[in-house]
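Letters A, B, C and D name the chains as they come in the text, with residue numbers starting at 1 for each one.
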Amino acid sequence: MGLETENKDIETNLREIARGLLKDKKVDVIIGYMEGTLPMLSQPIIIDSEEDVEKLIWNNLCYVNLAKYLVPRVPKFVDSEKGNLTVGVVSKGCVGRALIHLASENKIKLDEIKIIGIPCNGVVNRQRIEMEIGEKEILEVSVSGNNVIVKGKDFEKEFPFDEYMNDLCKTCKIRKPPLVSKAPDLCVGECEEYSNIVDDFSDIAEFEALTPEEKWNQITEELSVCTRCYACREACPMCYCNLCFVDQNKPVWFGKTTDLPDVFVYHLIRAMHMAGRCVACGACSLVCPVGIDLNKINRKLEKIVKERFNFTSGLDPDVLPPMVDFKMEDAQEFMLEED
Amino acid sequence: MTEPIVETKQTENKEWEPKIIAFLCNWCSYAGADLAGVSRIQYPPNIRIVRVPCSGRINAYFIIKSLTDGWDGVLISGCHPGDCHYISGNLVARRRFAILKELLEFFGIEPGRVNFMWASAAEGERFAVLVRKATEIVKKLGPNTKFEKKW
Amino acid sequence: MPNPYIPMLTRVKSIISENEVRDIKTLELEFQKKEEYKAFDYIPGQFAEISIIGKGECPIGIASSPTEEGTIKFTIKKMGTVTSSFHNSDIGDTIGVRGPLGNGWPMEELKGQNIVVIGGGFAFSTLRSLVLYILDDKHRKDYGDITVIYGNRDSGEVLYRDVLEEWEKRDDINVVLTIDREEESWTRKVGFVAAVVKEVAPSPDNAVAIICGPPIMIRTAVDELVKIGWKDEKILNSLEMRMKCGIGKCGRCNIGEKFVCIDGPVFSLAELKKMPNEY
Amino acid sequence: MAEKLLKKDDIGKFYSELEKEYKFYAPTKVKGNIAFKKISNAEEIELDYLNSKVPPKDVLFPQKETIFEYRYEGKEVIIEERKDLEDKLIIFGVRPCDAYSFKLLEDFFASGDFQDDIFLKKRENATIIGIGCNSPRQSCFCTSVGGHPFQKESTDVFLSDLGDTYLVEAISEKGENLLKKLSWLADAKKADVEKSKELAKLAEESFTTKFDFDLVTKVLDENFEHPVWQEISESCIGCSSCTFLCPTCTCFDVIDENDEYNNRGRRIRIWDTCQSCLYTLETSGHNPRPAKIQRCRNRIMHKFSYYPSNYDCLGCVGCGRCITACPVNNELRLIIDKILEIQEKSGEKVSA
């Protein structure tokens, strides 16, 4: 079965569920994806009536993490009389994880949302395809069989989906939203309970083996084009601070210029803040207007947290996130010791 | 700018000595450093001490800011696990340090630039030994030039 | 034309701590180059971008009047990084000044009219400049009666005590000082500015009201004025907005299509009502 | 001056003759995307491109730029103005929309009582070599803002891609002087000029995105307060891709950067954006534009309403970068549609 039929099935199912939820008044509004106006994009949409259900779509270009719209809630999710509305969120695995993790940080209440679970096959790495096509305009993108077919004025190119998937999706083990046993009402559609996620992190092993100098060169080259537009931060469901550390100006901590040290520090500290919180949705890299790839860093964070604290983010709203928790027996091999 | 930092960079011809900023917790390590002093235990003069209430107070900003400001190394010391004056400040900090240490390495900063240690108020000797060790590590790495801005 | 981003250098000549809690200081600045002072031709109500080089720059209303020769003054409340560094500066320190900027109070148009000055809290600096300008022998005959209503939370907050006391002694100006709550040694009025405006009831005939202060004071005082027949065109207001360049280039101080830095900061209430509510 | 021909193989010669006198900026590939950079080798030039990611405005108005440098000697401050503003520049291979943006920027920075010396001096010393757009993108709409894929007015020299050769036209005096230095350029034939005109016509016909901006401006002027803004700002995530990649956005922040070890520093300006909440946040905590709705509105109003009333032209060159850059696809075409819908609806009401 090809990807397009799979997606079509999911889409039909999704519309069915969405219609049911709205009809039974189980949710007031639903946030999902609709067809984008450009070939490589999809658009978030908020619907509140059954007629609009047909606008909902699902394909491999739905990369925005919709949990972003819940913290803080966009105005449409709050009613002037009723207060917070019940929101149905069209959730692939990482959107579900983001919602559950945000609940563990007390940023959202799970009884005010409904996770509409859909199984995700991964999203297309649009920057990589755009770069490989180069200076030609992409007019049409479709997924067929296991290929992404990109058409332009005088060219047509096929990209194997397995390879041109976003890097984080390639290693994703949580494709459906996690089922929370304590809140069975939370999920509709396809969700799954996860335990003992095994990951060997072989994808970043090669990079890890480099010398500090080589790593520095690669990372700084990647970051050298950063324009500090903060699209990565704004697209990240976990970046909800009212005042981000780079914006703090009493006192100013870090420079705001695009000089390498300042850019580097921004990305380093942002990574630090993502430890144990990143849900591997890859939105930060996919929204970057200049195509910076932050996936490697996110994978490394996942690895550290998994290996040190045996934690996978966004699986259980009742487990404390690792960075606010501790164990007496945490490993401390990195501490200086007398010989 | 009205009160400029008077320290200037060392000239080339003398043997290069690293400058290390040390964040010491008030209750154990700072007292440990004090003990080393009053017991006349020698330790390298390369460290400049900043006293903080607890190792849990140390934000990753402090460490990275120190590196971007040109310090060659950063040393952080707190109470031994279980001895924290605030019960668990150092334990939470330990997780933070673990992540930061690995991340810095991943970003290509030499892992030896930032060192963490425990030293209690009674361990003047241990404090001196570990500072010596940290100084050696940083000295081997050479000056920290990665964050210099172009002028 | 010289580069408008390059500040003129001045030196701090004196520092006056204006209130009891010591978070408001007046810095008196002397230009390092005489010709730059001569070129610094300003009217009351204008502002300047002043900076401690190395700390940053911020827009501050000029508190001195052009009639006080030799120096310029700025009254600064300690708020953020830059204003704090002004507070930490010593006599003799170098301070950069770019200006004068903005339109200022319309001194020409005010001629021949009675003037009602209503101020609250520390937003009195450009009003001080205005009143001093009018009270100067050269200009006094050009303007009608002056009424100054100046309110504060308590007596410790009153700025520019010495000039206020001088004004009170003069007979060509009516000074009404008020504080919010009664205090033992306070012999003047007690009550909010709006209440005092109601009591004084300045006549709108051939008169202009100039109001500066916290938003709530402005709103209530304007309400009182409108009740006794004041027109929006005759009520002037000076706005504040975050600014960087002060010369209409950096973009952030726009209210609709107007830039506060070059089209303002002085707007009449009638003009403000036409602008979108983004200030 | 008569039109000339430049063979594509001769770009190297063209570059090497000019690079001694000028700083030569050209479109080149940086990490997979086209950007305008000072190049050191003619091979780096990529003329066969759609458009650059970051607009060429960053050559004259870079993201980070020194305003002046200063030194502390005790309490004395010594200010040093920039000396590199007199350098001569060539910006090679600029698309007509971006070339037009230089004119908008120049007009803006020269407007009012205060002139932005830094930009204007650089602009004066820059020679812009434009290149026609043979195949505009679907997201391009320069014809709607008074531009054209072969608009030559804002350039000094204009190139048209004829296949193996470029037709070279001197547009301004600066351009003529430049071409005089390149006497080896062959004269163009009439057919070449005709072909270029033909290409221009084809390009113009290929436009699919068209707007009536007079109407947009009119609707915007009347609808500052309208529920449509809520709808427009709904899916915006508040990143600043649209403003940072816009060739006409000019807002900046001013910062003092210190080199404390050497008692010196520089006052710099860096790009700022109206999409950031800090942009208008005052020290007191008051923020005139605290929410996304006001910030989205400010961007649109600035380009299509404030610009026309202040400078009598649209603040947009129709390059379509904000359309392609928006990560949530909340793009200008949809926004304009929504704005025009207001007009249609109110029209219905009147007729009913």
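Basically, a contact is a pair of C-beta atoms (placed from the backbone, for glycine too) under 8 Å apart; a residue touches a chain by one contact, two chains touch by 3 or more.
Since the model is a prediction, treat every value here as computed from it, not as a measurement.
Where touching is counted per the definition, the chains common to chain A and chain D are B, C. Counting C-beta pairs in contact across B-D and across C-D shows that the higher total falls to C-D. At the far end from chain A, in terms of centres built from Cα atoms, lies C.
Mean C-alpha position of chain B lies 49 Å from that of chain C. With centres taken as mean Cα positions, chain D sits 39 Å from chain C. Separating the CA-averaged centres of chain A and chain C is a span of 51 Å. Shown for chain B are the residues in touch with two or more other chains, namely 1-2, 149.
Within chain C, residues 53-55, 80, 93 each touch two or more of the remaining chains. Chain A has residues 249, 259 in contact with two or more other chains.
Those residues of chain D that touch chain B in the complex are listed here as 72, 75, 257-265. Of all the residues in chain B, the ones that touch chain A in their complex are 60-61, 64-65, 68, 81-82, 88, 91-92, 94-111, 115-118, 126, 129-130, 133-134, 146-150.
Touching chain A in their complex are the following residues of chain C: 80-81.
Of all the residues in chain C, the ones that touch chain D in their complex are 1-7, 9, 51, 53-57, 79-80, 83, 92-94, 96, 240-242, 244-245, 247-252, 254-257, 262, 276, 278-279.
Across the complex, chain A meets chain D through its residues 36-38, 41-46, 64, 68-69, 74-76, 127, 131, 135-137, 139, 153, 221-222, 224-225, 227-231, 233-235, 247, 249, 255-259, 286-287, 289-291.
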